[in-house]
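Before anything else, here is the set of structures, which you'll find just below.
Paired with chain B in one complex and with chain C in the other, chain A is shared by the two complexes that follow.
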Partner chain A sequence: MAYLSMGEAHRRITEYLNRFSDAVSFQDGASLKQLLSVSSNSPSLLSLADSLNVFQDANRLIKQSEKYSQFGEIIAPFFRCMQSYRTGNLLDAYHAFEKAANAFLPEFRNWESAWALEALYVVAYEIRILAERADRELAFNGKSPEKLKGAGSFLMKVFGVLAGKGPKRVGALYVTCQLFKIYFKLGTVNLCRSVIRSIETARIFDFEEFPKRDKVTYMYYTGRLEVFNENFPAADHKLSYALMHCHPHNEANIRMILKYLIPVKLSIGILPKDWLLEKYGLVEYNNVIQALKRGDLRLLREALQEHEDRFLRSGVFLVLEKLELQVYQRLLKKIYIIQKQRDPSKAHQMKLEVIVKALKWLEIDMDLDEVECIVAILIYKNLVKGYFAHKSKVVVLSKQDPFPKLNSKPVNS
Partner chain B sequence: MATEPKPATEDVKIDLFEDDDEFEEFEINEEWKVKEEEKEVTQQWEDDWDDDDVNDDFSLQLRKELENNTPKN
Partner chain C sequence: MDSQCSTPVSSLPRYKRSPSRRSKSRWEPLPEEKSVDKPVSISNDVVKYDGWEKKPPSLNSESKWNALNNMKFSLPEKKLPSKNTQRPAKRQHLAGGLNAANNDASSDSDKEQSLTAYYSSAISIANTPEEKKRRESRSKRFEKGQGHRAEINYLKQKNAGAGNLYSRRASALMISKSFDDSGSKAVEDIDWDALTVKGTCQEIEKRYLRLTSAPDPSSVRPEEVLEKALLMVQNSQKNYLYKCDQLKSIRQDLTVQRIQNQLTVKVYETHARLSLEAGDLPEYNQCQSQLKTLYAEGIEGCDMEFAAYNLLCVILHSNNNRDLVSSMSRLTEGSKKDKAVKHALAVRAAVTSGNYVMFFRLYEDAPNLNSCLMDLYVEKMRYRAVSCMSRSYRPTIPVSYIARVLGFCRTSDGNDEDSDGSGLVECLEWMKAHGACLASDDGGEIQLDTKASSSSLYMPEPEDAVAHGDANLAVNDFLTRTSL
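Presenting the complex of A and B:
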């Protein structure tokens, strides 16, 4: 750090105080936002932090004028936050920021119009980011990380301030998305439910009126929740919405959407084109898709095993495992077509033995009873139309549409 | 020497706080329109892939396998 004189430090702190008080008097949300963006590492905030560490007694400056002291409850802890942040003490930085945020919220509530919404957004964002860093520090020191949970409680209060009627409501979705990020990180996704209900049942506010960036983020997270719940039509709707409206240049976000949308699409019988997998580097799905196309059960199992960690982490493993039934269907269909080419009159009679053989060729050992059981499931799930001739161990396929397509619907459960 | 019980490592604790797929923040004031030509990402799906073609390598081998074994039974 370059040498900073006491006089210069004094000047910079006063400048910040003036900018803060001006931003509020002129209702300039964009400026206020910059003044609170701790983690932006903007040169002016870093230089403020350095000045505070030189000057040490900033509280005296806050108290010298009513213009500043009316926001003392926000500014004083904010100053402490900047000092700690600058010296790398993230736990203290979080505590101080939380104090400032708690003082900011009632002020925001009292301002009639929504002019300070941008500043509120940055408070909501910063408290999450600082909490994450504080937790990392806590965990590193062998202590229990709990600040992110605390940030979540604060954001619920913010949500309460925004969720009512009036012009501030447009900000509720941003805060919801910050809450989602916290709950997904903490693994407490069931807590999403109450905010979702509040967003989706509101008659007074149309979802489409929220800003696009928040709608896309919201649909991504609620889509992921629908994947966990195995509600595939809803997941398809939400993730497709996110995909369609996502900023076309934000490839990382598009990739994340696809990571969940692809298994959803697969489970309703729709395949992504190779272009998509290549462009977004989602090669872990290559063999899964190949297995579906071929009816290659062995390849499906290998693909799931090979990328097991990745699929388990993102929570789509169980979804992909259920594709087995579609792969069986495809394999039976291939056997059927091959039989039909040899002897069209007998093609609709499929010996279970033939299926056993095909599976053996794929190095999957199953006896007649097991294969019969699988075929019974396929019939029950309407992936195969037909009936058993038990004595002769033959499945008699329907002459009409023996392998019904899913047509964008999930397999019957 | 007896091995001491390992204390829970930090890795595990930090791992509790992982969501690999955290959506990136968009800029606060960012609004955008997706242009027609940029919608290609939404059009990359096939629902009619389930054809009757059995001339791929997998199917040809499957056919061979089924035919080879048939006479034995």
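Presenting the complex of A and C:
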């Protein structure tokens, strides 16, 4: 780092102070937000941090003038945050930023219009990011990471400030999404419910008024929650909304949405085209889809095993596993088609041992009892129309549409 | 199971039970923050005896002896009285009780002894030279601490007053108190590092007395004795409640002495297995969480066995897919190859898909105690199976087939032939209890009428649900059987 003189440091700090107070005086949200983006690593903030570390007595500067000192409660801790951030001390940086944020919030509340909303977004974003990094530092040192939880509490306060009748309320969805990110990261997904309730049932909020970007993010997270709960129609609706309204150039986000949408669609009987998987690099689903098309149980099981870790981590494993029944259905349908070709009059009766044999060809070793059980389950869930005659060990298929399509409805549970 | 004395409350002097349930397991001592500088005044000791009656009861009254011991160890976070002139009186109880108790070292463990005998032998403060020496060395240890001169001098004075149990007791408790004048500490709040002493008690069999303040070393058993105690419990023919009580006592002695090694693991594993067999899930969960910590510290034990139990618990108890998925994702490659874990994973797959044939096959051939956990799901699985069969089979299914695939015909040699017909009978009873429509066919074989049953099946309310699943262990039963 080039040598920074005391004089120069003094000058840069004062420059920051001026910019801050001007931004507030002129209600310049765009400028204010840049002055608070710690993790953006912008050259001006980095040089501010260096200056602070050289000058060491910024508080005196703040007190010099009323136009700075009125924001002292925000700026002083913010300065400490920048100093700690610059020296890699992320826990202290978080603590200082939390103080600054807590001082910022009441000021924000007092400002009349929503001019500072973008700056508030930055504060909300930064507190989450800094908390994550502080937690990493804590965990690295063998201590328990609890800063992200604290950031969550702060954001709830922010939500409270925004939940009013004025123009600031359009910021509530952004804060909600930050909370979602925190809860998903912490694994405390059940906490999302109360936030969702606040957003969806409060009369002051009109979903359509919120910025598009926030709506997409919101639908993505709530869609994922529906996947966890296996509400496939709802998941389909939400994730599809997110997909449709997501900016087409934002490939990373589209990929994230598809990662969850594809298993959902598969569960309601809709298969994606091959090029979609290729374009967005979701090749882990290739074999799953092949297995569904072919009724190849062995291939499905192999695919699940191969990518087990990935599927478990993203939480779609159980959804994909449930596709087994559809694979069985496809297999039985193929047997039926072959039988129909050979002897149409007898096609609607399928002997159990034939199914056992077909599975043996797929190197799946299941005995009569087990196959009988699977057939019973298929009939029970309406994947096969007909009944099973135990004595003769024959599946008697309905003459009409014995293998009903799912038609965008999930398999009965 | 709290073993506050089971004396009818009326005979005890009034005292308040220790209130709070701690969210943390009480077997995890919390670190003490720092010593308080002010010397502890003797009057603080009084807190422990708050609530005592004013008159010294007769020395030989055993029930008061019980009360004494309960008093000492049940310390709620009560306010300190500023002074209490009753201590002298209490000391005398001790004297009386102790003398009576000393001979009980080898208690006859075949009878449910009066609690008195247990308590007195466990807490006997031997009036021996060794004990005096130990006390002195303890007081020397604490001399090094700051600002405690005052108490130590006081104690020495007291000790010099000699011969009477009152002062000895006072000094023992004094020293073992944490240097904080609130005086009302529970097991977790005490600075165990400073107080960890080697126990000297030689009792292999010892009832569980929940501690809320520092224990007397002569009431704590050293590791060698605890090993024997564990063995005793493992070989004992007595019922679950007895073993549970003994094990809790062993666990407490281990915690108090900060012993965290293979013995500790064995104790928790033993207790966990017993709870599983008895169907006592809360106790099992307590042990399981301790085991998790111990295994994580690298202490050897049957970690695969318990990983399987853990998985089964999640599968069979929570409806939460997230918990299930995260448990599964936390399994290491190595553990997935373990037989017990593989079995648990197979059960998981069977439950998720509703594959009853697979479920009951796994039930039949379960490693370790996996079947005990599966027990908790058997009813549900059978109901799911029969509902499914009622919708898919026409016109009927022989009940003998259902009995076979739904695990009613359990035989020891592994084949599922119902040689004595008892499985069929049990299955028929089950069917009837669940509203199934049955009919005999021409050959005299009983069939399930599937179409009719599909609308008549139901899940009945469980009757006489007993926590342990074993009616012999019903609480009322226990209370009436324990004598004083």
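Here are some notes:
One rule holds for everything that comes next: the second predicted complex is superposed on the first by the 413 of 413 C-alpha atoms of A that agree within 3 Å, B and C clash if a C-alpha of one lies under 4 Å from a C-alpha of the other, contacts with A are read in each partner's own complex, and residues count from 1 in each chain.
To be clear about the criterion, contacts are C-beta pairs under 8 Å (C-beta built on N, C-alpha and C of every residue); 3 or more make two chains touch, one makes a residue touch a chain.
Computed from a predicted model, the values in this text were never measured in an experiment.
If you count the residues of chain A touched by chain B and by chain C, you find the higher number for B. Contact with chain B, but none with chain C, is seen for A:Ala358 once the two complexes are overlaid on the shared chain. Contacts of A:Asn229 after superposition: chain C is touched, whereas chain B is not reached.
By the touch criterion defined above, A:Tyr387 reaches chain C but does not reach chain B. In the overlay built on the shared chain, the residue A:Ile377 is in contact with chain C alone; chain B does not reach it.
Within the superposed three-chain model, A:Gly187 lies in touch with chain B and with chain C [touch as defined at top].
When both complexes are overlaid on chain A, the residue A:Lys293 reaches chain B alone and has no touch with chain C. In the superposition on chain A, contact of A:Tyr94 is made with neither chain B nor chain C. By the touch criterion defined above, A:Arg313 lies against chain B and chain C together after alignment on the C-alpha atoms of chain A. When the shared chain is aligned, chain C comes close enough to touch A:Glu324, but chain B does not.
Under the contact criterion defined above, the residues of chain A that touch both chain B in one complex and chain C in the other are 187, 313. Chain A contributes residues 33, 118, 121-122, 125, 132, 135-136, 139-140, 142, 145, 148, 177, 181, 184-187, 211-213, 216-217, 220-221, 224, 240, 243-248, 250, 252-254, 256, 259-260, 265, 269-273, 275-276, 293-296, 313-314, 330, 333-335, 337-338, 341-342, 353-354, 357-358, 361, 403, 405, 407-408 to its touches with chain B in the complex. The touching residues of chain A, counted against chain C in their complex, run 187, 189, 228-230, 309, 312-313, 315, 317-318, 321-322, 324-325, 369-370, 372-377, 379-380, 387-390, 396.
Those residues of chain B lying in contact with chain A across their complex are 10, 13-14, 16-32, 34-35, 38-39, 41-42, 44-47, 49-50, 52, 54, 56, 58-59, 61-63, 65-67, 69, 73. Taken together, the chain C residues at the contact with chain A in this complex read 321-322, 324-326, 328-329, 349, 352-358, 387-389, 391-394, 396-398, 401, 405.
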